[in-house]
Amino acid sequence: MNAPRQLQLGPDELTRLLANEFPQNFTGQGALAIEVAAPMVARVRLPYAERHLRPGGTISGPSMFGLADSALYVAILATIGWVPLAVTTNLTINFLSKPGQRDLIAECRLIKLGKSLAVGEVYLRSDGDATVVAHATGTYSIPPRR
Amino acid sequence: MNAPRQLQLGPDELTRLLANEFPQNFTGQGALAIEVAAPMVARVRLPYAERHLRPGGTISGPSMFGLADSALYVAILATIGWVPLAVTTNLTINFLSKPGQRDLIAECRLIKLGKSLAVGEVYLRSDGDATVVAHATGTYSIPPRR
Amino acid sequence: MNAPRQLQLGPDELTRLLANEFPQNFTGQGALAIEVAAPMVARVRLPYAERHLRPGGTISGPSMFGLADSALYVAILATIGWVPLAVTTNLTINFLSKPGQRDLIAECRLIKLGKSLAVGEVYLRSDGDATVVAHATGTYSIPPRR
Amino acid sequence: MNAPRQLQLGPDELTRLLANEFPQNFTGQGALAIEVAAPMVARVRLPYAERHLRPGGTISGPSMFGLADSALYVAILATIGWVPLAVTTNLTINFLSKPGQRDLIAECRLIKLGKSLAVGEVYLRSDGDATVVAHATGTYSIPPRR
């Protein structure tokens, strides 16, 4: 594991910044809620809300993808500070079981945080249930900083 | 490559069925448009519309994921007929270049279509531009049929 | 997480069975060593040996792939018993840092173990070093059992 | 697709360079044979030889991984010239059908070739058979050049 790093941005500050940059994900009904943002880790909640559902009440694939991707982004920003130009280059997601009709929780841990690439993994679980609904591994490209 | 297969469901019939089953993807402003649905292949268009955009006018990651996933589903249904319970088990997506401010086109080709698993790949390109915006490989689990 | 399961096959028994079935991986110089084989988890060691090296003394990509794949297989067999016909259907590997010039250790944990599919993840680290050298996520297809 | 590029290194020159750098893959019995090396594409043959086989005569997973990975590397080197420090960062492989008891052919096409990352896909087929045995998508990190 990489050496311990100092927290750059906590949940409240990140929520404020992301609500401004990505209003469609981080504001309004169904907005993602950052519960943990700490060096190399993040926990993000997707509220069980109409806009994330398919008929029948199942959380949609794109919403799960967006949650996993956002959790990676939050963990990176929490660790290295505000880098709005970091972009996802690769994401692999395995859908393992049907999510329950309640909030979905993403637990993210970065496995590597280098100068130009960050790699992390994300577990998605329904709130209060230990069953893994989906698992993702993703890579972000981090632009050079001054 | 697998043996040639007979078309089961064409673009019009699939659009009708999917609009009913997945209204949030296949109806309304920004609805996906099935342009080709033929044995082992599909082409699906994501209109450049407000609901798919991030601030700045870029098409969002979840919308690209949803487009790739839907193109795989359309190619499978076109080939084996209506199987609403087929589900994505795995999807790997590489984001390669920034999409243009116009429609995004998914070209899907199934690589394998077995009894219980289908695997295909999808190229995403901005309309009228040969640059690949994203590439996805995905697996669907197909439930046993009578 | 799935319900706790009873151990079916321990390290010694698995080593015996696998040495017979896959002699090129589990016998001879550089043979994989099963250190842990328990419900849903496995730890497997790749000895630092000539046959796994590229010039310069780096462990080769195919050897790392084989180690990750074998660790998944060991975790599955340890949990459900001997299923020689289980096969890898999908494996995603991220190479994160250069391995050291010593043994490589794979720590595997199954995330899902269903009737027909098993999904797990594997961390590869050089012996005695916490840095993650590679991370893999893989799926095995499990044939129907009587 | 990226703009056409000029060939930097052809099959013969690449074979000579790779035999020197990676003797275990490109020399001896079972050595990989570069059949096509051209801008953005490559075709590489894995001979059906003892060292690539599991008991029963099936080509092993690590050998297929190594073939796919090498085909990507050849396509990159053919296009941008000799870059021995380019390394695989991510590879996703889907195993689709059992290979035949004969040579395995990898057909690689680069999807993106940027300054620091190259992404390509590879189809593996048994010689003379159109069935896809495996499909891989991989990313190489390309070090800065003077």
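Chains: A, B, C and D, in written order; residue numbering restarts at 1 for each.
Please note the rule applied: contacts are C-beta pairs under 8 Å (C-beta built on N, C-alpha and C of every residue); 3 or more make two chains touch, one makes a residue touch a chain.
This structure is a prediction, so every number in the text was calculated from the model and none was measured.
**Q** Among the chains, which one keeps its Cα centre farthest from the Cα centre of chain C?
**A** Of all chains, B has its centre farthest from that of chain C.
**Q** So which pair out of A-B, C-D or B-D basically repeats A-C, with more than half the contacts the same?
**A** Of the listed options, the interface copy of A-C is B-D.
**Q** Could you quickly compare B-D and B-C and let me know which has more C-beta contacts?
**A** B-D
**Q** Quick one: report the Å distance separating chain C from chain D, using the average Cα coordinate of each chain.
**A** About 24 Å separates the centre of chain C from that of chain D.
**Q** How far is the middle of chain B from the middle of chain C, if each middle is the mean of its Cα atoms, in Å?
**A** Here the centre of chain C sits 34 Å away from the centre of chain B.
**Q** For chain B versus chain D, what separation do you get between their C-alpha means, in angstrom?
**A** About 28 Å separates the centre of chain B from that of chain D.
**Q** Among the residues of chain A, which are close enough to touch at least two other chains?
**A** Chain A, residues with two or more chain partners: 89-90, 92, 94, 139.
**Q** Going by the contact rule at the top, pick out the chain D residues touching chain A in the complex.
**A** By the definition above, chain D touches chain A via 89-90, 92, 116-117, 139, 141.
**Q** What residues on chain B touch chain A, complex-wise?
**A** Listed in rising order, the residues of chain B that touch chain A are 21-24, 54-55, 60-63, 65-66, 69, 87-95.
**Q** Residue numbers of chain C touching chain A in their complex, please.
**A** On the chain C side, the touching residues are 1-2, 92, 94, 96-97, 111-112, 119, 121, 123, 130-132, 135, 137, 139.
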